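Order as written gives the chain letters A, B and C; numbering starts at 1 within each chain.
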Amino acid sequence: MKLELRGITKRFGSLVANDGIDLVVESGQIHALLGENGAGKSTLMNVLFGLYQPDEGEILLDDVPRRFRGPGEAMAAGIGMVHQHFMLIPVFTVAENVMLGHEPTRAGGVLDLPAARRLVREISERFGFDLDPDARVEDLPVGVQQRVEIVKALSRDARVLVLDEPTAVLTPQETDELMETMRRLAGSGTSIVFITHKLREVKAVADTITVIRLGRVVGEAPPTASTAELATMMVGRDVELTVHKDPPRLGAEAFVVDGLTLFGAGGVRLLDDLSFSVRGGEVLAVAGVQGNGQTELAEVIVGLRSKASGSIRLDGEELLGRSVRHVLAAGVGFVPEDRKADGLVAEFSLAENIMLDRSYGPPFAHWYGIDFRARDAVAERAVEDFDIRTQGIGAPVGRLSGGNQQKVVIARELERDLKLLLASQPTRGVDVGSIEFIHERIVEVRDSGVPVLIISTELDEVMALADRIAVMYRGAIIDIVPADTPRERLGQLMAGVVA
Amino acid sequence: MVDLEDERRRVDWREVMHRIAAGGPLRTILAMALALVIGILFIVFANADVQRTLGYFFAQPGDFFAAAGKAIADAGTALFNGSIYNTKAKDPVAGFRPLTETLRFSGPLIAAGLGVALTFRAGLFNIGGQGQMLMAAAWSSFAASQIHLPYGIHLIVAMLFGFAGAALWGWIAGFLKAKTGAHEVIVTIMLNYIALSIVTYLMRTPILHDMSKGNNPQTLPPDATAVFPKILGDDYQLRLSFILCILAVVVYWWLMRRSALGFRLRMVGLNPDAARAAGINVERTWIIAMVVSALFLGLAGLNQAIARDGNFNQHVDEGIGFDGITVALLGNSSPIGVMFAGMLFGAFKAASPAMQSADVSPDILGILQALIVLFIATPPLIRAIFRLPEPREITDVGTRRKPQLEQGSAS
Amino acid sequence: MTAPATAPSSSLGGQLAAPRSWRVPIVLAVVAVLSLIWFVVFGKDDPTRFTWSDPGDVLYLDPTPANPRVLGIVLGVLSLAAAAASFRWAWRRRPVPVWLSLIVGIAFLVSLVAWVGAGGQITVESLLTSTVSLSTAIVLGALAGVIGERVGVVNIAIEAQLLGGAFTAAVVATTTHSYELALVAAMITGAAISAVLAWFAITFLVDQVVVGVVLIALVTAITNFFYQQVLADNSAQFNDPGTLPRLAIPGLADIPVIGPVLFDQRLTVYLMFLLVPFVWFMLYKTRWGLRVRALGEHPLAADTVGIKVNRSRFWTVTLAGLIAGLGGASLTIGYAGAFVQEMSAGKGFIALAAVILGRWNPWYAALAALLFGFATSFRIWAGGAGAAIPSDLIAMTPYLVTIIAVALVAGRVVAPKASGKPYIKS
C-alpha cells in the first residue's frame, strides 16, 4: 500500500512538534525516518496512527485522503504499528494479546481461544517466528515480545507497518534478525516505515531515507549516502562531538570496583563479576547496547540496589551496602539516566531542585528550618554559571526544556565537593548546544582531578569524553580499551565479540 | 518605547485577571455558591409547607414562593443564630455562645484536617483518623482516670498518653506500607474497625470502665486535674485544647513550608523515585508521615476525650476522622485553608441544634459539606459551569500530566 | 521441563532457578500449629453437639456429638498435612493451590466453633443461614469492586452505593408495593452513584479515592436528610417495605442444612448465587471481559488496538454499580424490612477488603465476603453461647485477617496494574 503524508503539522501548546511534513512511502518499500531524539518522528507516527489529531495536513492511503479519529480506524485502514514501548499486556498470553481489539468470538461474545491460537501459529510460521500462543508475554525475552507486536499488527492485515525505534532494546543479533524480518515483510508487499536515529541500521536496511530535524523534513537521501552526510543532515551541522580536552593528568586509583555481582528477580545475573577502577583526573566511559547492565551498575554504585556482592571503594571507603544518602555524602555526584523520573521533581521550583539531595543538615537545612537565602544564592549562581534559561529560580522546573532541566541536574551535582562523578546518559534528549556545554563541564570536573564515570549508550558521546572505554555486554565488562579504539572494534565488543 | 511599556502593562493586567478567574479563591467561592444553591433546593423541597403549596402551584404561585422564602430564611436564621450570634439571646454573654461553640467544634476538625492534609502532601491517604482518634481517646482516658497527679502535670501526662496511642496506630499503617507495600487506605480502614473493637472491649473492662455501672461500654470520668481548662470562663465551653489546635496550624505551616522534613515529605509525595535517587529513605519517610499525621489526629482525639468533664463511649470520635478528609480537601492541604475549612464545618456542627429546632434536618449541612468538597475537587466542572478560562499552567494535583505518548529516547 | 534444583550456572548472564516462595506454606504451618496449641493443648473436653435440622423438618438428622479436643486433634493434623503438602508445592516452585489454604482455614473455623460450643450445642443451620444473609450485600459490593478495579477504577464508594440502593429499595417498595420495581430502582441508584464516581474520576481526573470518600459523605448525608425530614415521621407511607418472600425450591429446600442455606432464600440471595459465576464468566471468558482486564492492566495498549478507554471504563464502572445497588436492596427488602440511617455500617469498606483479600477474582472475593459474614454471624452466636473470648474481640478478627493477608499478598503482583490511575490522552 502506498502511504503519503502531506503537510502534517502538529502543535503542543507553543511547541511545534511537526511542521508541514511531507512523506511518501511506496508499496513494498522500507522507508527510514531518520532524526535525533525529539525531532518529531514519534509524534508524526502517532498522528498517522490516529493517536494524535494533526492540526493541519492530510494522510493519503493509495492516493485516497483518510482521517483517523483513533487507532482503531487507522488499523482498519491497514496501518500497523510496533511501538517503541511495547503495547502488550504483560499478564496476558500471546494469543490474548494478539486478539485484543478484534477478538474472534462465538455466540454471545464468548472468546474463541482456539481460533486465536491458530491465527498466532499461522502468522508466526509464515515469518519463521517460533511463538507459543499460550506463553505469558511477561515471561518472554524482549526480542520475542517484539515479534508478538509484529504478529499483532499482521493479524490485522497491516499493509503499512510502522516500527518506532525497534532496535533500541535489541541485542545486535536480535537487530539482525529484525532486519531480516523487515526485508521479508517488504518482499511480501508490506510498506515499512522504520523510525530510528541509528545511521548504520538505516544504511543497512532502508530503500529510501527521509531525514527530519526539529519537526521539519530536511531532505531525502538514498541508502548509499555516506554516514557523515546523513549525520550532517540529521544534526544540522557537522557532527563534531569531539570535545577539546588535554591529555589527562592521572591521579591515584580513587574509585575501585571489584568482583561486583548482582542477581535480579528470578535469579538472572544482571551484573557479572565486574572489576574496574577509575583514577583521579580520568574519564572512564562505559559503552554498550542499552539493557546490558549499565542501569543496574549505576544503581548499585549509588546504593539504589543493595543486594549485590563484591566491593565498591571510593578513596578506600567501602560504598557497597551503604544507603544512597551515605554514598552521596561520601562525595559521589550522581546524574541519573532518566532525569524526569529520577533526577528532578517537576513541580518543585528550580531552587528546591537545587537542594534536592542536600536536605539533611548544612548548608541548607538547619534546626530552625531551611535557609532559603543560602539555597537561592546557590540556585542563582547555577542559573548564571550554567546559562539555564528560566523565568526565575522560583519557576517549576517542569516548565524548562529538556536541555535546561539536565543543566539543573548537572549544576546541582557539580555544586557539591565531589570525589567521584557518576553520570548516566548525561546528554540524553538534550539539544546539541547543551550537549557541548555539558560535555565541557564534565571535562572540567575531570581536569580538576576528580575521577569521572560516564555511562552512555551513545557511542559518539563515549568516544568524545572517554580516556578509556569499558564495554558492557550481558552484565559483564567484556573489555576495557583505549579511547582511540576504532569504532568498528567497539561495535564488535558491544555485540559480544571478544576476539 | 512608551507603547511597548504600555503593551506590557496591559498584558500583565490580563494575566492578573486570568489568574483571578482561573485560580483558587474565586473558584472556591463559586464552588460554595453552587453547593449552596443545591442545598437550598433540598431545604425548599423537603419543607412540608412548600410541598403543600406545590399542590396548587399554578393556582397561586405566590404561596409557593412565600413558603419557599420562609423555609430558606428560617434555615439561614437558624444557621446564623446557631453558629455566630444568637439574636434571640437575653444577654450578649449568651448571644456570643454560638460563636464559641463554632470555635470549639472547629478545633478537632482543624487538627484532623491537618493530619489528613499532611498525608496528602506526602502522597499518602490517611483514612484511619477514626482509629487514631479512638486510640488517643482511650489512652488519654486511662491516664486521666486511673493515674492521679497534680494539676498541670496530669494534663500533660494524659496528653502524652493520647499522642502515644495515636502515634502507635499511625505507625502500624506506615510500617506495613513501608515493609510490605500494603496499601495504606485499606490498612487504615481495617485499623479503624480494630481500634473500635479494642476500645469497646476496654470500655467494658476495669481498665477504662466502672464495673458497677453495667455492661454498656463507657469510660470512667476523668480527674478534674487532667481536663483541659476553660479559657473564657464558665459561661463558655471553649477550652485550652482549641488554642492547641490553632498552634497545630502554625506547627503544620512550619513543618511543611520551612522544615527540611516537610521538604522531604513533599518530595516523596511528588516524585518518590527522584527522592530515592536523592538519598531519601522513602519508606522511612512514609512511616514518619503516618506517625506525624496520627499525632495531629491524636490532638483531635484529645479534644474529644479530655476537653470535657464527663465520660464517653466508643463513638467519641463522632466521625471527625472522616470529616478531616473533607476539611483537608476543602483547605487544599494548606495550613490557612485547613483552618478556615475547619471553622466553616465547625460552624455547621455548632448550628445543628438550632437547625433541628427550626425543623430543618441538620443533615442538610452534611450535604452542603460534601457538595462543597466535591465541587472544589473538580476545578474543570466549576470552570465549565461558570465558563471560566483554563489556567495556563496546569498545576492542579488532579491534572498533573505526564506525557504518555511522547517517546523517551533510546539509542 | 524440569526445573534445575541446584546451583547457579557460571556462564555469562546465566539463569538461576527462580527463588522459592515460602510465604504461603509458612503461614499455613503457623495456623496449623497455633490451632493445635489452642484447640488441643488448651482444648476443652465438654462434649458438644452439632445439630443439623430443626425437630419439625421433613428430613431430620440426629445431632452429632463431638469432643472438641478430639475434633481439634483430627482437624489440626489435617491442617498440618495440608501445610506439609503446600511445602511440597513451594519446593517445586509452583503456586500453592487455593484449596489447600481453604482446608486449613475451614479446619480452623470448625475447631473454633467446636471449642466455643463446648458443653452446648452448635446450630449449624442457623449459623450458616445467617452467614449467607449477612454476607449478601458484601458479596454483591465486592463483585462491583472487582469489576471496577479490573477495568482500572477503584470504587471506594461501594458503601455509598449500598446505602443509596438500600434507601431507594425501601422507599420504592413501600410507595409502589412492587418489589420488582424496588430492585430495579435500587440497581439504578447504585449505577447512578457509580456513574458520578466514574464521571468525576475519568472526565475531571479527580483522585478516585477522594471522589469515593466524598460520595460516601454525600450519600450518607442525603439519606440521613430524607430519613429525618420525610421517612421518620411517615414510615407507613414511605418506609415500610417488609421483606421479599422466601422462595423455597421444592424438594431441594428440605435437604438438611444445605436446603435452608441454599434453596430457601430470598430473591436477592439467589441473584447473588447466580452473579458470582456470571461475573467470573464475563470477566474471563468473553470479549467484554478480555477488554475490561486489558483496560485495567495497560490502558494505552488497549487504546492502540482501538478500544475506547475512557468510554469503556465509564460504562463498565456504571454497570458494576447495578450490582452494588442490588446489594443495597438486599439490606432493606432482602433482610431488615425497613431503611435505617447509615445501615450499610461499613459493609462497603468490608467489600473493598474482600476484593483485595480475594485477589481481584470474583470467586475468591465472594469467599472472602462470606468469611466476613461468618465472622458477624459467629459473633452473634458466640455471644449467645457465652463464649470465653469477648465478642468485641471476635468482631475484629476478620479485619485483622484482612490486614495480615494484605501485608502478605501486597508484595506479589496480582493487582491490576493501572487500577486507580486515570488515563490521559493528548
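Following the convention adopted for this analysis, a residue touches a chain if its C-beta (ideal position, glycine included) is under 8 Å from a C-beta of that chain, and two chains touch if they have at least 3 such contacts.
As the structure is a prediction and not an experimental result, all values here were calculated from the model.
Colleague: Looking across all chain pairs, point out the one with the most C-beta pairs in contact.
Modeller: Ranked by C-beta contact count, first place goes to B-C.
Colleague: Farthest from chain C by Cα centre, which chain is it? Let me know.
Modeller: A
Colleague: How far is the middle of chain A from the middle of chain C, if each middle is the mean of its Cα atoms, in Å?
Modeller: 45
Colleague: Between chain B and chain C, what's the gap in Å when you average each chain's C-alpha atoms?
Modeller: Taking the mean C-alpha position of each chain, the two centres sit 31 Å apart.
Colleague: Multi-chain contacts in chain A: which residues touch at least two other chains?
Modeller: 51-52
Colleague: On chain C, where are the residues touching two or more other chains?
Modeller: Within chain C, residues 300, 425-426 contact more than one other chain.
Colleague: Give me the residue numbers in chain B that touch at least two other chains, ranges are fine.
Modeller: 405, in rising order.
Colleague: Using the touch definition from the top, list the residues of chain A that touch chain B in their complex.
Modeller: 37-38, 42-43, 46, 51-52, 84-85, 164-165, 168-169, 197-198, 289-290, 302, 304, 323-329, 334, 336, 338, 341-348, 352, 355-357, 359-360, 364-365, 368-370, 396, 399, 428-429, 457-458
Colleague: Along chain B, where are the residues that touch chain C in the complex?
Modeller: So the residues of chain B in touch with chain C come to 42, 46, 125, 127, 176, 179-183, 185-187, 189-191, 193-194, 196-198, 200-201, 204, 322, 325-326, 329, 360-361, 363-367, 369-371, 373-374, 377-381, 397-399, 401-405.
Colleague: What part of chain A is in contact with chain C in the complex they form?
Modeller: 12, 49, 51-52, 70-73, 75-76, 81, 83, 86-92, 96, 99-103, 105, 108-111, 152, 263, 265-269, 272, 473-476
Colleague: For the complex, which residues does chain C have touching chain B?
Modeller: 156, 200, 203-207, 209-211, 213-215, 217-218, 220-222, 224-226, 228-230, 300, 346, 349, 352-353, 356, 390, 392-393, 395-396, 399-400, 402-403, 406-408, 410-411, 424-426
Colleague: Within the complex, which stretch of chain C touches chain A?
Modeller: Interface residues on chain C, with respect to chain A: 8, 12-19, 285-288, 290-291, 293-294, 297-298, 300-308, 417, 425-426.
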